[in-house]
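Each of the next two complexes has chain A plus one more chain, namely chain B in the first and chain C in the second.
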Partner chain A sequence: MLKITDLELLVGSVAHLAAINASFQPGTLTTILGRTGAGKTTLMRAIAGLIAPDRGQILLDGTGWTRLPPWKRPVAMVTQQFINYPHLNVRDNVAFPLVRAGVAKADAAARAEAALARVGLAAMVDRRPSALSGGQQQRVAIARALVKKAPVLLLDEPFVNLDYNLREAFRKDLVDLLAVETGTVVLYASTDPREALQMGDQIVLLADGRIVQSGSPRDVFANPASLTAASVVNDPPINPIPFHQNGVADFGALGQQAITLPSGAYTLGLRASDIRAGGPHQARVTLTEVTGSETLTHLSLNGLDLVMQEKSVVLRSPGDVVGVHLDLHKGLVFGADGQRAGV
Partner chain B sequence: MKTLYLALKYLAIALWSAFVVFPFLWALTTSFKSANGVTGGATWIPWVQYEPSLQGWQSLFGGVGGINVVKPFYNSLVVTLSASVISITLGTLAAYALSRFTFRFLWMRNSDITFFFISQRIMPPIVLAIPFFLMLRSLGLLDSLPGLILVYVALLMPIAVWVMVDFFNGVPRGLDEMAWMDGCNPIITFWRVILPNALPGLVVAGMFCIIFGWNDFFFAFTLTFTETQLLPVAIVSLNSSVTPWWSLSAAALVSIAPLVVLAFVVERFLSKGGLAGAVR
Partner chain C sequence: MYRQKYLFLLPGLLVLVAIILFPLLFTIRVSFSSWDVYNPGLNWIGGENYGRLWEDARYWQALGRLTLLSVTTVLIQYVLGFALALMVWRDLAARRLFRVLFLIPMMTTPVVMSVLWRTIFHESLGPLNPILESLGIGAAPWLSSAGWAFAAVVMVEVWQWTPFMFLLLLAGLLSLPNEPYLAAKIDGAGPVRTFFSVTFPMLGAISVGAILIRLIEASKIMETVYVLTSGGPGTSTETSSYYIYIRGMRDFQIGYSAALSLTYLIIMIVALTVIAKLLVRALVKDAA
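Presenting the complex of A and B:
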């Protein structure tokens, strides 16, 4: 088990990681989900020993890692950039960590070829990385990480630099590849909630260097504990609709929802998919984004900026007025402190 | 259109090649001429336009009125290669450290320290000659191969550091980190991963050092007398009241030959793109 306690890392006076406490079981894939700058890469680099934390401990099966240099930590890592050794062919690239670990060259080459066959590169073992496509280069990096059989495997947004279709295919392949790594703690950093929901056994939400929530992906998605967690786990981010309640819930022109809450300021978090076209509220279009087969329409409604998600391609122009329906009963209510209220 | 373009391209290459090769060709023909052949105008074809003579070449190997280039050639080879190897070895290690680790010395940071190395070459050689002379004299190393090697190391190492820092900076740090995670400590990382990927830089730095060391006349002249004459000094000593063009031409070819051979040997290492596929 990989255990992290009270991990803290400061750059100047800014905390890049703060109060990180988590444990990861062998055979599970944990997605570290967070927006850019949340601290995902920093956390992985700290686990790998590439940066030294200011406080806290990293333990693998009870053994402290914090003072071990990276070359003595049994960790494999795949980064966003496709890093391979340019002076070695693909086979030698994958065999490299084995040779360094003292495995006989012939044995290392055979194991490297087996690992390359698993990632579909059996025919390219004699090529240099520069002769491969981006996707193939990243497969080499994945094969090199897998061949080590390290007890901790860190995957830092490994597919972020690949195109959409390739990313989808690789994700599925990776899940299959990792299914046999039953003794390995796998951490997968991502900014994409869909990826986290699709891949992970467990999800850890990271924001501003802190863990804001962890649990099973479905639980975290259905019941985000805070507005920050709701923003991280939803893509596009959840629509925050501020309201003030005096005694009884009053949503004014936006509709009705009966929740018993004390008086005070609240925020209703409404997922973009819970706003639909064809309703009574007249909203003005400010921007339309078509992503694949989806459309994200940015709207202005009574001074609120909202995003509506539709599972079809709908072209609207800025300035168009569209009637929308808000499924307010699906909204999540958060208190002034950003924590979930009314649950 | 494509044919015309190709024709023009090859014409341009041919003209440039002729321009570059002409001095060598001229030196080659002159080296086989006698005094009469040299003063008889621009002649090219042996036995037809001039009577070929081995006088120039004989004068380089103990012939009448000549010198023996074997020892100076050997001296130049020893000094140049030794100084280059030492400079490249020390310079590469220094450059790797300057590229990868953060240093502070008084007000200086890494870039200042790198500049400090190369700033040694800003001074005119004459400024260095007297201190070098005095230092070698007090060490008892004047007119000796070790003395010259020491001086050349001092002159060549800044070049090696300067060139190699740039090349190491071009090798992504991600490669170092990946090597660490693959079980290499920093020394093995340098030797097994970074150095092989900085090979073109090593070749460039080596070429600079060898060319400078081989061609230097000034320090070879001021810090030696008769015992450890280097090739450029020996060639100049051929000159007398009547300039022996045939001997000088032959000597010029002898002194250029090693560099030409070197250029052909290292040419393939100088190709760009050595790091393609490192980090995408």
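Presenting the complex of A and C:
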């Protein structure tokens, strides 16, 4: 088991990691989900030993490695960049960690070729990384990480620099590859909630260097503990709609909703998919994003900036007025402190 | 119209003929003559000069000495230059200052520098022997004993030209990507292993270039020997170029020294070509 206790890393007076406490079981894939700058890469690098935390401990099966140099840590890592050895061919690239670990060269080469076959690069073992496409280079890096058989495998947004189709295909392949790594703690950093929901056995939400929630992907998605967690785990981010509770929830011009809560100011987190076109509220279009078969329409409604998600391609121009319906009863209620309320 | 483009090559071609081809062809012709101080002129004596040099033990000894000197100095320069470049490559305070300081020897004039070193090595007046004596090592006959004089030439050459190696290798180090170093750390390679598995092979092509340039320069060594030892004591530090200088400029045996020069040139071209191929095979992975 990989255990992290009270991990903290300051850069100047800014906490890049703060009070990180988590434990990860072998054979599980944990997705570290957070927006850009949340501290995912910093956490990965701290675990790998590439940066030294100011305090806290990292323990594997009870043994601390916080002070170990990176080359002595039983860790394999794949980064966002396609990192390989440009002067070595693909086979030698993958065999590198084995040779460093003292495996005989012939054996290392055979194991490297087997790993390359697993990632679909059996025919390219004699090529240099520079002769491969970006996706192939990243497969080499993945093969090199897998062949090491390290008890901890860190995957830091490995597919972020690949195009959409390749990313989808690789994600599925990676899940298949990792299915047999039953003794390995796998941490997968991502900014994409869909990726986290699809891949992870467990999910850890990171924001501003802190863990804001962890648990099973389904549970975290259905019951985010705070507005921050709800924002991280929803893509597009959840729409925050303030309301005042005084017997009923008063949303001003958006109407009222029967919610049982103590009186006070609250925020309703409404998912973009819970806003539909064809309703009574007249919203002005500020931006339209078509992503694949989906349309995200950014709206301005009574001073609120909202995002509506539709499962079809709908082309609207900025300035268009569209009638929308808000399924307020599906929203998640958060108190003034940002924590979940009324649960 | 299209053919007129070749006219633009003419100035360059004329310069090439004037400064390379003509002297070379003229030297070849001179080498088949007995041009000397008594009979200046291009008479034809066939291969007599070449036959003479074949039996000239002093010439071949000088060539052997030159080989030893070149290989020794360039090897030491490479190792020291690499070490210094690694030292000021990354985490060192005031590394910019050190980078400039290390280049100073290369910027001095070889003759001036050799005069300075001759003073330093002077056995009774120079500062080196008193320093060695104060350290309990004892004085050395720097310029009057064959072995020590050779060592002195090696030291001066290393002192002056290590910065050249340093400069090329530092430029190479600074151009290396960071990513393989990150990968090496994760893949279990410590600093020493990273040097031999990442840094050294990635600098293979630059190493070959630096070593070859220095070998070419070292094989032409003249000023240091001339000023420091004048080839002595005896002929113990006499190198090929210095011997050719003696035969041509001091004894005025122009025809014979032309034959020596041409033979030396051919040997150098062949030797350096072979060395270049061997170095590329050994140090540059792409050549595999």
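FYI, the second predicted complex is superposed on the first by the 338 of 343 C-alpha atoms of A that agree within 3 Å, B and C clash if a C-alpha of one lies under 4 Å from a C-alpha of the other, contacts with A are read in each partner's own complex, and residues count from 1 in each chain.
Methods note: a contact is a pair of C-beta atoms (placed from the backbone, for glycine too) under 8 Å apart; a residue touches a chain by one contact, two chains touch by 3 or more.
Computed from a predicted structure; not experimentally measured.
Engineer: Sharing chain A, do chain B and chain C clash or fit in the superposition?
Structural biologist: These partners clash in the superposed model.
Engineer: Quick one: is A:50 in contact with chain B, with chain C, with both, or with neither? Answer first, second, both or neither.
Structural biologist: In the superposition, A:50 contacts both chain B and chain C.
Engineer: Could you look at A:91 and tell me whether it touches chain B, chain C, both or neither (first, second, both, neither)?
Structural biologist: neither
Engineer: Between chain B (first) and chain C (second), which, if any, makes contact with A:118: first, second, both or neither?
Structural biologist: neither
Engineer: Of chain B and chain C, which one touches more of chain A's residues?
Structural biologist: Counted on chain A, the partner with more touching residues turns out to be B.
Engineer: Under the stated touch criterion, which partner chain does A:69 make contact with: chain B (first), chain C (second), both, or neither?
Structural biologist: The answer is both, since A:69 touches chain B and chain C.
Engineer: Per the contact definition in the header, classify A:16: touching chain B only (first), chain C only (second), both, or neither.
Structural biologist: neither
Engineer: With both complexes overlaid on chain A, does A:340 touch chain B (first), chain C (second), both or neither?
Structural biologist: neither
Engineer: So in the superposed three-chain picture, is A:271 touching just chain B, just chain C, both, or none of them (first/second/both/neither)?
Structural biologist: In the superposition, A:271 contacts neither chain B nor chain C.
Engineer: According to the stated criteria, A:139 is in contact with first (chain B), second (chain C), both, or neither; which is it?
Structural biologist: neither
Engineer: What is the shared patch of chain A, the residues that chain B and chain C both contact?
Structural biologist: Common to the two interfaces on chain A: residues 48-50, 69-71, 75-77, 79, 81, 83-87, 96-97, 100-101, 144, 148.
Engineer: Which stretch or stretches of chain B touch chain A in the complex?
Structural biologist: 172, 174-175, 177-185, 188, 193, 196-197, 199, 273-280
Engineer: Help me check something: in the complex, which residues belonging to chain C touch chain A?
Structural biologist: On the chain C side, the touching residues are 177, 179-180, 182-190, 193, 197-198, 201-202, 204, 285-286.
Engineer: What residues of chain A sit close enough to touch chain C in their complex?
Structural biologist: Counting only chain A, the residues touching chain C are 48-50, 69-72, 75-77, 79, 81, 83-88, 96-97, 100-101, 141, 144, 148.
Engineer: Please output the residues of chain A touching chain B within their complex, sorted ascending.
Structural biologist: Within the complex, chain A touches chain B at residues 48-50, 69-71, 73, 75-77, 79, 81-87, 96-97, 100-101, 128-132, 134, 137, 144, 148, 161.
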